[in-house]
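Could you have a look at this structure, given as structure tokens, before my questions?
When the chains are written out, they are named A, B, C, D and E in that same order, and each has its own residue count from 1.
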Amino acid sequence: MKLIGIVDTTFARYDMASSAIDELYKTGTGFEIKRYTVPGIKDTPVAALRLFSEYNCDLVMAFGMPGPMPVDKMSAQIASTGLMEVQLKTMKHILEVFVHEDEAKDDRELAWLCDNRSREHAVNAYYLLFEPDKLTENAGSGLRQGFEDRGPVNSGSSGHKH
Amino acid sequence: MKLIGIVDTTFARYDMASSAIDELYKTGTGFEIKRYTVPGIKDTPVAALRLFSEYNCDLVMAFGMPGPMPVDKMSAQIASTGLMEVQLKTMKHILEVFVHEDEAKDDRELAWLCDNRSREHAVNAYYLLFEPDKLTENAGSGLRQGFEDRGPVNSGSSGHKH
Amino acid sequence: MKLIGIVDTTFARYDMASSAIDELYKTGTGFEIKRYTVPGIKDTPVAALRLFSEYNCDLVMAFGMPGPMPVDKMSAQIASTGLMEVQLKTMKHILEVFVHEDEAKDDRELAWLCDNRSREHAVNAYYLLFEPDKLTENAGSGLRQGFEDRGPVNSGSSGHKH
Amino acid sequence: MKLIGIVDTTFARYDMASSAIDELYKTGTGFEIKRYTVPGIKDTPVAALRLFSEYNCDLVMAFGMPGPMPVDKMSAQIASTGLMEVQLKTMKHILEVFVHEDEAKDDRELAWLCDNRSREHAVNAYYLLFEPDKLTENAGSGLRQGFEDRGPVNSGSSGHKH
Amino acid sequence: MKLIGIVDTTFARYDMASSAIDELYKTGTGFEIKRYTVPGIKDTPVAALRLFSEYNCDLVMAFGMPGPMPVDKMSAQIASTGLMEVQLKTMKHILEVFVHEDEAKDDRELAWLCDNRSREHAVNAYYLLFEPDKLTENAGSGLRQGFEDRGPVNSGSSGHKH
């Protein structure tokens, strides 16, 4: 039985963790979930570290919604740097699922984007733990989480074989 | 008995630590407080680390007020990076309570913002130590410390259930 | 027998890893390859670290394609910082092979650039492992991977001897 | 007997260390001084670390003068990040005394600023080592080193008590 | 006998390492040199670390030439951060000798700048290892490597004594 950690914030304006948890249970079995909520994204790295060290999680998903101001972008950068550091301390993956508030044109799209990105990254989390070959099959395919996939640059061309 | 560390600066233009300490005592019991004042925000990380290592604090609140100039923003980034590093070394939370001087339109609003943000983060500190479920109840709710809460993007909609 | 690790992403829009693997086999022998695909560039550092620690790789090539937006540039910076950290933890080289999507004027050039840069860095990887003197012979020569070499500033001059 | 380390550079255009040393001796007793000069600010962190590890310094003051160009600002950021890291490795304070060359309107003001900031931070260094309560008394007071103090935002108001 | 490590790149457009090596031999004796060439500046930190750990170098000079584009500036920042980290791991100095391609107005000046900066930093390296007092004598003197020295701000004034 694997253990997937979920870190999220009260700052975010959408309950992305619940979308991801719902999608994880639709995708497969063989895991349990441990959730840890903190105030803001800069609090997520130590929460993730504690999930790894105290609960022995196998992978963590970290959800956050940076605001639109420069100070928010700086917070996102520092949070990401911390999440990176935790991964390198623990040798475990953290999937960072951040939706920047200014990625969407209005609240409706923002809610959709949060739900969709969380679900698509939940599938990535499942693949990393249980079916890593599914990721290699899609290497270089221009996949996106949330908005539409970009696709590979050479789709339709005959010059390159995967 | 828990021990909450308080780090603040002589650079800040408001005594945010006193607001937080006052609010902590209003919020609950079961903790003591240890305070450590340094000149500026870049001095706060090592102070926090010493509070964890010498006094065995369970959580630290770090208060600072970055100025409006680019050099001040850089100082804030470096201080935040240091506070992150201390959290990952100690596996303990540091709540960073920074009020950027240019967040407020005048000194009156700045004083109000400092007081209010410090108090709201004091409650977050209490929850992290004593009632973590209170945070999960508010996951994705768009809470803010200081200015008004943004609220969830799907409030009033019928499309999503928490 | 050396082991070369390959980390790539499903986010990238070109299968750069396959170009590099093809070129490695054209360049020489004495190595095997282990591939690890992750969703995005910020997932590459921990993948590289696992290739070093679990499979004892001697060198890793990390392939990624940062998008054109500021948030993508920040992701690239954080990924690079993580790849740096992994190198310093393991004392092994990681050749970072990033192609920024906005380096090319269209998809055709982007595909060409991805293929070419991957191949030229594959040769660098081979030299680092098997023929380091080939690199010293070209020190200060203004070599580039992908686009045309810039060349040395003093080519044609008589004032300086290598 | 405490030992205060002094790190400075040949790049800076003012001998800030001598100002600080002079002020330290005016401020109190109970310490000795060890000085280590390096070429530029990016060389100061390892110098500080060596002062801590080889000479067992209790605190280090690091003096530098970043130039006005973007490359200089980047150097300052990297130096500060390194000084932060050294503090967290040693659990000792480093007071970073940087004067950016473009903070002053001319050379005369620059010399005055260097001298004054160095002296005021020398007093901070003394307080950190010998009289930490002096800092707490001034928490939130808007103190500055070099230019005039900003003062607290609520001076003269009746709405807040320290 | 001291050992000076030299790290340089095939990306740079001038063989700065050869200038530095030539100048080191003109400056003094008592050292040997070990050279390690890598593709680009982001590869220099792990090369420096290997020179320290495998060859027991006493000091490393790291040569690089960041290009003029934002992506190049980011690479320089990451390389510098890595070189900083290596210094703090090993407690040894790395003199970073970077010449940004856009510092010079044309190729001729670029070549001159590379040669001159490399030579002047070679002397700094020698002083750090063999005559550290020479650096303290020049503390605060506004020295530059490459372009003309800026000099101290108080030259000619009578208000300040070193």
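Here, a residue touches a chain if its C-beta (ideal position, glycine included) is under 8 Å from a C-beta of that chain, and two chains touch if they have at least 3 such contacts.
Since the structure is predicted, the reported quantities are computational estimates derived from the model, not experimental observations.
*Asks:* Return the chains shared as contacts by chain B and chain E, ordered by label.
*Replies:* D
*Asks:* Go through the assembly and pull out the chains touching chain C as well as chain E.
*Replies:* none
*Asks:* Using Cα averages as centroids, what's the distance between chain A and chain C in whole Å?
*Replies:* That pair's centroid distance is 25 Å.
*Asks:* What is the distance in Å between the mean C-alpha positions of chain B and chain C?
*Replies:* 41
*Asks:* Among all residues of chain B, which ones touch two or more of the remaining chains?
*Replies:* Expected reply: 77, 81, 85.
*Asks:* If contacts are counted as defined earlier, which sequence of chains do you get going round the ring from chain B via chain D?
*Replies:* Starting from chain B with chain D next, the chains run B, D, E, C, A.
*Asks:* Write out the stretch or stretches of chain A touching chain C in their complex.
*Replies:* Touch residues, chain A against chain C: 73, 76-77, 80-81, 84-85, 87-88, 91-96, 100, 103, 121, 124, 128, 132, 135-136, 138-145, 150-154, 157, 159-160, 162.
*Asks:* Mind pulling up the chain B residues that touch chain D in the complex?
*Replies:* Interface residues on the chain B side: 8-18, 35-39, 42-43, 45-47, 49-50, 53, 70-71, 74-75, 77-78, 81-82, 85-86, 89, 107-108, 110-111, 114-115.
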